[in-house]
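Chains here go by letter, A, B, C, D and E, matching the order in which they are written, and residues are numbered from 1 within each.
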Amino acid sequence: MLPNCFEWAWDAGHFLFFGGMWYTIIILSLGMTWCIFKTIMDTVSGKGGDHH
Amino acid sequence: MSELEEKTENGSTDSLEMGVSEEQKAEGDSGIGAGVLFFIAAFAVCFLSGWLLFPNLLYSKKEQPFNFNHALHVEEMGGCDSCHYFREDGSFAGVPKLAQCVDCHAEVMGDTEDEAVFVAEYVEKEKEVPWLIYSEQPDCVFFSHSAHVVGAQMDCVSCHGHIGESTTMKPYEENRITGYSRDIWGKNIWGFKKNSWDRMKMDDCAECHEKETGSKGACFQCHK
Amino acid sequence: MKVDRRSFLGLGLGAAAGVAVTPATWKLMDDSSIWTQNWPWTPVPPDGEVTFEDTVCTLCSGNCGISVRKINGRPVKIEGTTGHPVNDGGVCLHGISALQYLYDPSRVKSPMIKTDDTWKEVSWEKALAHAAEALGNIRKADNANAIACITDNDKGTVSGLFKRLTTVLGSNNYYTMDTMEKAWATTIDAVNGVKAHVGFDLKNSDLILSFGSGFIEGWGAPVYNFQVNARRKTHGIKLIQVEPRLSNTAAAADKWVPAKPGTEADLALAICGVLITKGLYNKKAIQADDPSFKAFAKMAQEKYSPARTARTTGIDVASIQNLAMAFADAEKPVAIAGRGKGDSAGSTREFAAVYALNCLAGNINAPGGFWLMDKDPAEVWPSIEMDAMATQGFARAKFVETDTVDSLMAKVTASAKSPVEALLVYNANPCYSLKNAKAVTEAVKKIPFVISFSSYMDETTQLADVVLPSHMFLERREDVSLTGPVPLDITALTRPMVSPLFDTRHPGDSVLSLAAAMEGSVAASFPWESYDACLEAVKAPVWKALSEKGSVVKEPVSLVKKIERMDFSLLLNDTAVVAAEGDEATYPLVLMPVDNIRLTGEIAASPFAVKTVSDKVLKGTDSFIEINPETADQLRLSQGDEVTLTTPVGSAIVKVNLFDGIMPGVLAMAHGLGHTMAENPYVGGKGVNVNALVGPVMDAISGLDAAWGIRAKISRV
Amino acid sequence: MDSALIPKGANRCPFPVFATGIAVVGVVLLWGVYAMGLCWIKGLNQTNMNDYYGFALWIWADLAVIAIGGGAFFTGLLKYVLGIDELKNIINLAVVIGFICYSSALLILAIDIGQPLRGWFIFWHANVHSMLTEVAFCLSLYFSVLTIEFIPLILENRQVDKVPFFHNLSHNMHTAMAVFAATGAFLSCFHQGSLGGVAGVLYGRPFAFREGLLIWPWTFFLFTWSAAAYGPCFTLLVAKMVEGITRKKLIKDNVIHLLAKISGWMITTYIVAKIIDTIYWIAVTAPSLGFSVMDFYTDNAFYGIWILFAEIVLGGIVPAVILITKKYRENSKMLLLAIILGVLGVCLNRWVMVLQVMAVPVMSFDTWALYIPSWQEVATTILPVAYGIILLALAYRYLPMFPQEKELSTEK
Amino acid sequence: MTQQNHGNAHKFGMVIDLDKCTGCGSCMVACMSENNVPFKEDESNKKDSITWMRVYKLTNGKSFPDTDVCYLPRPCMHCGGKGDHGHSPCVSVCPATATDYDYGTGIVSQIYTRCFGCRYCMGACPYHARFFNWWDPKWPEGMEEYLSPDVSPRMRGVVEKCSFCFHRYQAAKDKAYLEERDTVAEEEYQTACTQACPSGAITFGDLNNPDHAVHQLVNPDPHHCGRPRNPKAFRLLERLETNPKVYYISEREWVRKAGDNYLDGEWEKAKMKKTKGHE
């Protein structure tokens, strides 16, 4: 998972596999941070108050 | 579901909602304060206990049966290999047995209190001294001294540190959960180490093997 | 400030965030998995200096040389001693698992006395006093001859001590268990009138004609034979196996001759007949004009002509001719007999027939042939002192003329009150290994006082009144003389590999201390203060070599040259024919006990050995019987069915195992299961003891047990 | 009693009735938890598994539950990525089912391994060449995606929605859902495939081995395709069951038939690929390793050629035909039959790809090995089913899963 | 030793002469005693009985009296995998690299502290040479004294297998290092089963080293991943390309045929081709 794992080797297998994994994790975490950041912005600006 | 039912059903819930929101508004400001305060307090307590209390709890300190003065013996007997020697089949004798010590210590030598304890409790009773070995690796590890000392011409200090110059034995710290000695698992809980003998985990061996032989080596090289 | 829901939420989140930032969680996760790598209940064997020490394994008559690997004096592995004349580095599976016998859970840990059916651990003094008192009362009642003693064989100093004790107590009832070596000795005595120890020089032979012997299944010295078998391809040694079932030996043999069970002797005599008619026998060895030979020749050619023998053995005439021609053409042929491992004696007629075959081939005392060895035990025993009770008892007649425990037990069963009032048992387990084991167990129960010297709580010891537990062979220094049919004369010395684990004694010391407890002339006849002293004194002639080198190998082996007569008259009449007990009508099938290298006869097998046993021989606690698929179809049985196996002697519930290699109409069952040892769950209570289903058949000539099987029937459960 | 939590305008059974239902299923859950405890504390000797059957009921349950949980990623893919907006009425149910299936799969894996405390070694000391590593990574990542997809649904609960922060959060997450769904689909394609790869790479087992493309055996693509094909069947099946139990119409027929049609075409294409693969396997792969096809289906007590017929014809061709012809698809009985056969078909395929692989002897002197699960194994397999029912019931009661529910209830 | 220095790497292997093997089981017990293999009270369920070396009983399937039996001892094959690149069936599937192929010796290692018991390797191995500790090993009271320190006793929940007695190679290397030799002689590294076999049916050594007996007995073909060129020798399941390191020798044709799977008539066709070829 991380370069300080015992099994870590800078070879094709690790690049593809963990490259894909970290790429996916980054997308998910970016997506979530964007959502939360936007939510904070909306809540502070008092947007969500009305109950539709 | 008829109109009526729906209205009453809505009606009842609305009132409930109304009630809830009023409360929130009433103590709006202080409520947040209490929450945050508790947050910080809990955070601080856990943070400090995690960093300070936990390491001490995790490691138990044990004293050696009696003190052993390495410096004195090195001076008297010569290098490490006078007591820690290789057998002719290549295996390593490790910590000397009572039989070796008795060659000189048949009766009390010198006036230290530890000498008295050693002769009384162990030499006379012919009981092996239950030394707590700082650099004892777990059962799954096969470490070949001959490969390192003879094969790679390494000196003892790089793995055992300056124990040869010590006059007193430091307390033996053992991880309560795993049973590993602190010399194996490392002083610094975060894993930084100044000199090579501060920690002797798998990664440390692998690091040196990588440097010297170009690869971490196959599993069975160090496992049994 | 009001504590409400939100503050609790804050508290929780704060704590979680706090802990997450410290190394605690990750450390605990890491340490918990390392904890699973070092569970306190997973043993950590201490390391140390590796040393090797040699000794001799005494689990069977092969006496292989073994070297024990020790770590700081703690034995961890048994390996073969390279260069040892018998086994040269190889060891059988039982020898390798000897350490499991050392730490066997059914070891007797201290002397015990049984009072109204419950064992009580006592001190050595108390146990010896109790035994001495009982023996003393019998002697005082002027019935000294009622004391009997059973040991495995009469070789070596410890058996000598037991024999001496029995004699000095005033009884001539000293018996040894039946083995193939005893049957051969009586045959040679009957035919040649000489006392000799039989040996087969198989390594130098070029044709081995085996009549039912488990040549590579534990017969004689098992590892010696394995190595002979391994040389067959390179040294051109042919092996022909005569057996109704495809055993491991038959499968490895160059030719398997599936003769009907119990007809091996007929086939041997038929081959003799063919050799004689074709004049292909060694004329020098046999005086053709000798009247007894002429009678034997006439009988062999007529009574056992190939045509008639074909009917009795089921082997066609051509095959019999070929066998004879093969035996004649071979330069150094040898014929061997002794069923399976040779644990039980066997019929003298069969041994005589095979011996006749060897005589015709003229290979007696020849390289690669049949050796009559003269083994001088090199023991020096001081004289004994007999008091009045002893001399009077000793004068009385022995309970059973022939030296066989079967007849002794039969005599005890027959008489209302047991003639034997006290029984000493050492290195033998009659209640398990004698045929018709249940009857033997009842007989031993009738004996008022039984003293067992066993190291294990085996079937016989469970019935004893006093147990004087012996060291296990890895804890003893003792002389061992090679008894197996191997062309070697070796006396070896076993060395203690570990200091005794329990409150046990060397059996020699037990005899000495028992004699001392009896005081009087009995004590006087044992002038040594310990067994080690006795060993040194008795083996004085060879002690120096024995103690230094660990073994004395007599090179060359001294052979019995002077043979008075070659008289095969015992084969002329049919009295010695051994048939299977039970009538054919009620018992249509024949049950044969089969010796399996992976199981042991005398003592129970080790947990490792039982683990190697196939699940077609033992499954859970059920034994299997091998049956030919044809016979199984006739009885509408399929693999794994549960059936009741009934023989004239007993019955048991077993499972069916279809095996093409067994002759239709014949059943086979492994020997060595059915031990009843509660403390040892690894072997106790597993399977059926085949000895409980097969009855003894007394041999007309030797009186030993010559049973090779029994008639049986099976019915669905 | 809990009416404040029930979505606006939806009516649910009275709380006591709901509570007893949960209690009953809860007892089954506790029985499963007891068996799980036994397996963890006493070890895996509690099962009837042995050295021939290292993989057994649990791994089958694991594979089957992931296969039928494929509805979540496929429906998500259709709605968010391919823009078939009509599926928004069923996507919530699909996500809940997906969440239940994946959490069950992770739970089963946690019970199945011999040293649960060392489970994280699969992440830390990962062997990138092993299919099981790939399964573990993508399974847990996709589970996080499913959690992300599930959170907005939870936030729409009436009481939670009141808190403005949560209200905004669920709204924002809806807007970003397409990204998550796409990542989820990418992850799912991988790990569904690698579950197929688990059996396909075993070149020591001629029954399971398949050649393939680069490092992926054909079973890799077949498993993804079959999960995507049969997943929606299971979602429809659960929808039908929920409607049956609650005796309410929750999803409009056009949505059901749309999803059924897509699933039908997926099954058709899958079964064609499966037939081709089977023929290639029978004609080329197995014979090259010395096995004729009947060696895999004869002289044992259970596995006969019937299992191949059942998997391909009954579990594949029949549901495909029903689902792609409009007349049959519209007939609710035929639809139900098709989706049941579909789900059973995929479960049978997973059974064959796990258990028959272990049963078939490879060495000529080896024998067939048959195995019957122990009660602990059965209990721990039923545990996720019970847990799933409870979670679904809670979601149905307190979360607005079916947008068309109010509309359909007023129509009646 | 990485994959690069394939050149001077050893390739330890075993040759078992099935005509000398008597099925006595010494190899099984020697292996269990040497490697602290545990034993249960009932070991008759051969599907969960841990026997690193197991002796199979083969029959030629003919009826009485043409039946023939042959015993086949089966240790771990230490497969080299397709093309001998070290992707053995089990090594290529282990998710946590608890089992690994050592290019320097050709031995498949099994690390009991890394294995978390997913048992995938057991499914991958066609030879059933891998065993799971369903139970925590337990020795009768006092018997733990006979455990060897060279092989760490296992705990429940992990897979174990034959290691070609690798601890004996470690000990031999220890001695070699002390005596400043960098190679280990043939007789210095012998497995416990080889040493214990009373019939000398098992030979062990370095297949890459022409002076070693295993190489001479089998004459492995370097261009076909060590396929035996001696016609009487065969490997188990050759066609699966697992490239095992254990070779078997037998004069009996039915035994050689039992080593692999053949379609109807394939064996006869192959035999004709061979006789026409170079015999």
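Convention: a contact is a pair of C-beta atoms (placed from the backbone, for glycine too) under 8 Å apart; a residue touches a chain by one contact, two chains touch by 3 or more.
Small disclaimer: the values here were computed from a predicted structure and weren't measured.
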Topological distance between subunit B and subunit E, in contact steps
1
Report the chain ID whose CA centroid sits closest to the centroid of the full protein CA set.
E
Select, from B-C and D-E, the pair of chains that is joined by more C-beta pairs in contact.
D-E
Relative to subunit D, largest Cα-centroid distance belongs to chain C
Can you check how far apart subunit A and subunit D are, centre to centre, with Cα atoms defining each centre and the answer in Å?
26
Centre-to-centre distance between subunit E and subunit C (centres being mean Cα positions), rounded to whole Å:
33
At what distance in angstrom does the C-alpha mean of subunit E lie from that of subunit A?
47
Between subunit B and subunit D, tell me the centre distance in angstrom, where each centre is the average of that chain's C-alpha atoms.
44
Which residues belonging to subunit B are in contact with no fewer than two other chains?
89, 91, 138-140
Show the residues in subunit C shared as contacts by 2 or more other chains, in ascending order.
32, 34-37, 42, 44, 47
Mind pulling the residue numbers of subunit E that touch at least two other chains?
45, 49, 97, 112-114, 136, 152-153, 157
Going by the contact rule at the top, pick out the subunit B residues touching subunit C in the complex.
27, 30-47, 49-51, 54, 58, 87, 89, 91, 93-94, 138-140, 175, 177-180, 189-190
Interface with subunit B, subunit C side, in the complex: residues 1-4, 6-15, 17-19, 21-24, 27-28, 31-32, 34-35, 37-38, 42, 44, 47, 49-50
Subunit D partner, complex, touching residues on subunit E are 45, 47-50, 56, 58, 72, 82, 87, 89, 92-98, 114-120, 122-128, 130-136, 156-159, 236-237, 239-242, 257-264, 266
Subunit D to subunit A touching residues, read off their complex:
123-129, 133-134, 137, 141, 144-145, 148, 161-162, 164-165, 167-169, 171-173, 176, 179-180, 183, 186-187, 190
So in the complex, the part of subunit C that touches subunit E is made up of which residues?
34, 36-37, 39, 41-48, 71, 74-80, 87, 89-93, 96-97, 99-100, 102-105, 216-217, 222-223, 226-227, 229-230, 233, 246, 248, 251-252, 256, 258, 501, 597-598, 606-615, 618-620, 628-630, 659-664, 681-682
